[in-house]
Amino acid sequence: MQLHLMSWPEVETYLAKRSDIIIPIGSTEQHGPTGLIGTDCICPEAIALRAAEKVGALVGPTFNVGSAQHHMGFAGSMTLRPSTFVAVLFDWITSLTHHGFTHIYLLNGHGGNVPSVEASFAEVYASRSLSGHKDEELRPLRCKLQNWWELKGVMRLCRELFPNGHGSHATPSEVAVTQFVYPDAIKAAKLDPKIAPIGPIMDAADYKRRFPDGRIGSDPSQASVDRGEKLVTCAVDALADAYREFVTS
Amino acid sequence: MQLHLMSWPEVETYLAKRSDIIIPIGSTEQHGPTGLIGTDCICPEAIALRAAEKVGALVGPTFNVGSAQHHMGFAGSMTLRPSTFVAVLFDWITSLTHHGFTHIYLLNGHGGNVPSVEASFAEVYASRSLSGHKDEELRPLRCKLQNWWELKGVMRLCRELFPNGHGSHATPSEVAVTQFVYPDAIKAAKLDPKIAPIGPIMDAADYKRRFPDGRIGSDPSQASVDRGEKLVTCAVDALADAYREFVTS
Amino acid sequence: MQLHLMSWPEVETYLAKRSDIIIPIGSTEQHGPTGLIGTDCICPEAIALRAAEKVGALVGPTFNVGSAQHHMGFAGSMTLRPSTFVAVLFDWITSLTHHGFTHIYLLNGHGGNVPSVEASFAEVYASRSLSGHKDEELRPLRCKLQNWWELKGVMRLCRELFPNGHGSHATPSEVAVTQFVYPDAIKAAKLDPKIAPIGPIMDAADYKRRFPDGRIGSDPSQASVDRGEKLVTCAVDALADAYREFVTS
Amino acid sequence: MQLHLMSWPEVETYLAKRSDIIIPIGSTEQHGPTGLIGTDCICPEAIALRAAEKVGALVGPTFNVGSAQHHMGFAGSMTLRPSTFVAVLFDWITSLTHHGFTHIYLLNGHGGNVPSVEASFAEVYASRSLSGHKDEELRPLRCKLQNWWELKGVMRLCRELFPNGHGSHATPSEVAVTQFVYPDAIKAAKLDPKIAPIGPIMDAADYKRRFPDGRIGSDPSQASVDRGEKLVTCAVDALADAYREFVTS
Amino acid sequence: MQLHLMSWPEVETYLAKRSDIIIPIGSTEQHGPTGLIGTDCICPEAIALRAAEKVGALVGPTFNVGSAQHHMGFAGSMTLRPSTFVAVLFDWITSLTHHGFTHIYLLNGHGGNVPSVEASFAEVYASRSLSGHKDEELRPLRCKLQNWWELKGVMRLCRELFPNGHGSHATPSEVAVTQFVYPDAIKAAKLDPKIAPIGPIMDAADYKRRFPDGRIGSDPSQASVDRGEKLVTCAVDALADAYREFVTS
Amino acid sequence: MQLHLMSWPEVETYLAKRSDIIIPIGSTEQHGPTGLIGTDCICPEAIALRAAEKVGALVGPTFNVGSAQHHMGFAGSMTLRPSTFVAVLFDWITSLTHHGFTHIYLLNGHGGNVPSVEASFAEVYASRSLSGHKDEELRPLRCKLQNWWELKGVMRLCRELFPNGHGSHATPSEVAVTQFVYPDAIKAAKLDPKIAPIGPIMDAADYKRRFPDGRIGSDPSQASVDRGEKLVTCAVDALADAYREFVTS
């Protein structure tokens, strides 16, 4: 169930029974010569929508421009400053809690979002912790961030499918998922070197010097539609399990 | 061409030839008993993608949670505070101009966004106007906001199709567009009164008192897939023309 | 009645009977070779004070530096960034509602303020809509923005008085109003071309290229004290009517 | 010379010769049972305009709502939060320095503004000090805050005119100045006690408990138009001297 | 008693009896060729801790980076922008009032902090004054700023010990206090001129031109451990007295 | 070498040779019935100062109030909102880079700070990545966050010393370090249960329900001065090694 495809009475009916929601969160950033700029949105959206069907959960809009300053040396990348990010996610969560949502689950597609998301959660919690309201006046709130590649079993499958050159950005696993979802948008390009270098992440200029074509440690040429499907299946099952547990926590 | 389905070298190639982009901008808000919460995103996305094919333009990610505080009395609505909105759109535009985009065209699906979008443009322009940089140091920048229903010919068609009960929120025209795009998500509900009341917009409590089921002045039961298709066709043609003119301005 | 010329017990007495206030809002910006930098403050102040006498309303301080980044290429212009603007107007309105004002009417002298004012209203309303307070805990609040030149009958009179070269910035009508109010500050300068060019508004550098002497589409040499008086009379009557209706809404 | 009554070419001419400006800064706040809510604007405006004539200086718009949270228990008072205040004054000063003003002199009417004004100056200076620009790339900037009652000779005259009950808020001296400027707005009310209590300033609730009619330590019934004129004359002379020195510093 | 060396049950016990706390507040900034960069923290910390023992008060963490933009021309200086300063001190005070502290006493070591501290107090008070809460719903709050050198008797002692060349930055008195506290960190350097120049404070570039080695009007070579001890003794006694009065106010 | 005990010429001399600095970063928050509120500052300070002696590095002021909203149910805890945190650390780092520091190493004592610190780094980097400056115009900048308990060998030692009941808040290892540093501030209290419960961290009310005495999973009664010394020795050696590598990266 997608929030965007529901009417408000349908959401009201949903809220009469349960108060959880999944928010896919990604980024708009380069993913190497063959990866899609929307990769980090496409992966958590695809997984969230499929898992949501299994568990009857609602999927909200995708938070689609994230924290990606280090990719700004590559055309098409977009970023929020972390201070902006915190303000936005604060407003999203405040909107949802206003309606009575108590369990908010962010399925994340971009490692660079993690600090800003966790800081946003703390910003929301702080507004409660410093509110002066008595405990019993506040409805419980549980926010959770889950990177899709850290769902149970997913990294193991990644290592099986791509024992070499998985890397950490523009990985064959994320590229494979996007190939499965958008088979018409598969790109070809010569990758040189085959496996990209690794290193730390700082600002955009430093990033481009270290990682000239945008990849970190990866050889995404190993991606395929089939492998993407395997990854989605694995992640969907794991998310369904994890989410059921989350909802009852 | 969707930015999210491109690689960075493809964007670089695009930017070597032109520097314009379309950003659909919508809202996540109630649209009456039968309208979709995502209506204001779905309409400009559908129109922008189709027009972009005609004119070879790039379509960026959808700005999907907007300025909708007045809808917060209805389950599922989400909003940014205008101060947050300005910070976000400032970051989006700054990201795009960083890569050399000079013509940024927002196709808007939600009237309530207009002030925040125009304020964001002024925030971006102000950062240039107060920068102390000489004119010749600044690459030109042209930002434009276009409501899809104000594209040439669209309101005339709306009045033809729905001479009574078009209204201004949860209109039969926007509902029709979403029916055309998502025929599987068509909702049925009794509308009482058939044509909703009209009035001014203030805060959420006032809104809900004036407009108990969320509609303003509309009878969306007149919507149909066919009428949606007509509207999309009309809007796409008009957008293609308007955009060609914009790009050369 | 001007708030600045009253004592607090007088305001308390006023508030015991009614809860409305007019705030003139303008800008500090160039108005061509002959227009006053304070034009956009002087016009709504003059009209508001005269209409307020008719309807017994209170007139608050003038919001005198507005959203005018595009005029920064001309000496003496001042601007707020829209983000600042929203913070300030939020504080002004919050101060007024704190005392029990429920009907706040901004009489505006500058088109460029419109988005920032409307965004500020939404910021105020959003703080209520997201407050979690029950409807009945919130005193009603109605904020309204009215451009003085859009008061009933005013534009018609402008067209009658200045059928050619009215334009949209440094117009003969606004210049005439300032001549009526400050006859000692009438300026003379050669206008070349007689009627200024028209075009879109972007940043300050672009503005100065398009409109080298600051005017847009206007020939303010047609202004006169008499014409200013006619305009003020017309606007004052229209404002008195509009305001009476507003107060009872 | 008032900025608001000049055209941009006149300001340009002024800036070709000198680069100083006076900004009156006040507050919109209660001044006891007989004082005007605009007192803190009226005093510095009256003094600044008269002194400016003597020294040929430009007077900018009045910063008319200041830092007055402690007066919010009295009807009609308005306040900015200090964080807002700093943002606004930053924008005002940035606008002025953009045109080449280098000497910005704030003539202040409200003691409560002092910290926010000084913090704003530091905010402006900090943007330069941390800019990374070389010294020679920055045009010098000198901002000065002057309380009008601390101009040379003014406090001595206050003590002569009002040896008892001068106090520190709603003082007979500031009330006298407003009586001189607006003789038609003189108020009468019984003051009980004749001389108001004194004490520290904290929040609005505390203020109202300590100072039930709003005055601090003052007996403003001693004010008169004549005394107001004496004070204005004294302050104008002192300001003219102080300003000449400032401009050449 | 230092908050940092207590457990939470100990603080709870303290709060059951009293609700006051001392916060030392300083700066991290150059103090001339021989002064320590931490001078403005070291002085109020040393005095606060000793006085707190006498009066049984709690001493919180030191606010250690302050408002010091004008010192940024000298290596090692650090500063907050005033807007940041206000946000931080707001959070500190909000944290303390959350636990029931009602009397918050800042012992200050840096003149440049004064506006930002006072603005922060007003920001805290404003959040109460505009809260709409009834008086009786708000626990009283009293915030006080005290510069250590303005404690009773201290300036007199400074003038006795250093009749010439006390100055206002990198003074022999503050250097003496740091020598008393950190005798192992005494520096020697030739001071030329012996007594530094005086003048106004603006931005960092201007500061460095006026005060090439960082001192203002001072000859800190007169400092000694003994004199530092005398100053600390004097200030501690005065603070103990002042604080006892504060707590009962 | 502590920045606070140096003069500016000494810092200038340091910067002529190297450009790295260590900033201890902690929190002011409850650490269970026997832990010190300053624990998270004391640990990284003690380790940083000792390691800095070995490697000749400069140690800056301690960032002493961090992100601790979840502890606000326990007396004496203080917190910044994450949005404030990011603004402060941005200013600290901007101050340091202004002087030419290029390698900034935060030794952290509080897990809850991690997201806000990483978000702050991204905020700093983003200001560079979006600056429009060419790569070669920007001096390199490397910021690193290191939790002291994750220094090489430390967790292994923790597990050896405290195989049961180490837990994650108010751990015997951090308590031991504070006992070593402040042996006079060792607290005794009955711990019931001996080993505290574990669970997730959300807002302050939830935290206090889950962890009634503040500890998470720990039995800090196992702490001792000797064990604290062992931990400090281990951490200091590891930090010296890690820092040498950092400086040359």
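Each chain carries a letter (A, B, C, D, E and F) given by its place in the written order, and its residues are counted from 1.
Convention: contacts are C-beta pairs under 8 Å (C-beta built on N, C-alpha and C of every residue); 3 or more make two chains touch, one makes a residue touch a chain.
Note that the coordinates shown come from a computational prediction; the quantities given were computed from them, not determined experimentally.
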Key: Cα-centroid distance, chain B relative to chain C, in whole angstrom   = 29
CA centroid of chain C to CA centroid of chain E, Å = 46
Note = In whole angstrom, the CA-centroid distance of chain A from chain B equals 25
Inquiry  = Residues of chain F that contact two or more other chains, please.
reply    = 72, 79, 81, 83, 87, 95, 98, 130
Ask   = Looking only at which chains touch which, which shape fits best: line, ring, star, complete or other?
value = other
Request  = Would you please name all pairs of chains that touch?
outcome  = A-B, A-C, A-E, A-F, B-C, B-D, B-F, C-D, C-E, D-E, D-F, E-F
Sites on chain E touched by chain D in the complex = 67, 69-70, 72-73, 79, 81-83, 85-87, 112, 114-120, 122-123, 125-130, 135, 138, 140-143, 200, 202-206, 208-209, 249
Note = Contacts from chain F onto chain D in the complex sit at residues 94-95, 98
Task = Mind listing the chain C positions that touch chain D in their complex?
result = 2-12, 14-15, 28, 30-38, 41-42, 60-62, 64-65, 72, 74-81, 83-84, 87-88, 90-92, 95-96, 98-100, 182, 185, 187, 189, 214
Ask   = Where on chain E does chain C make contact in their complex?
value = 130, 132
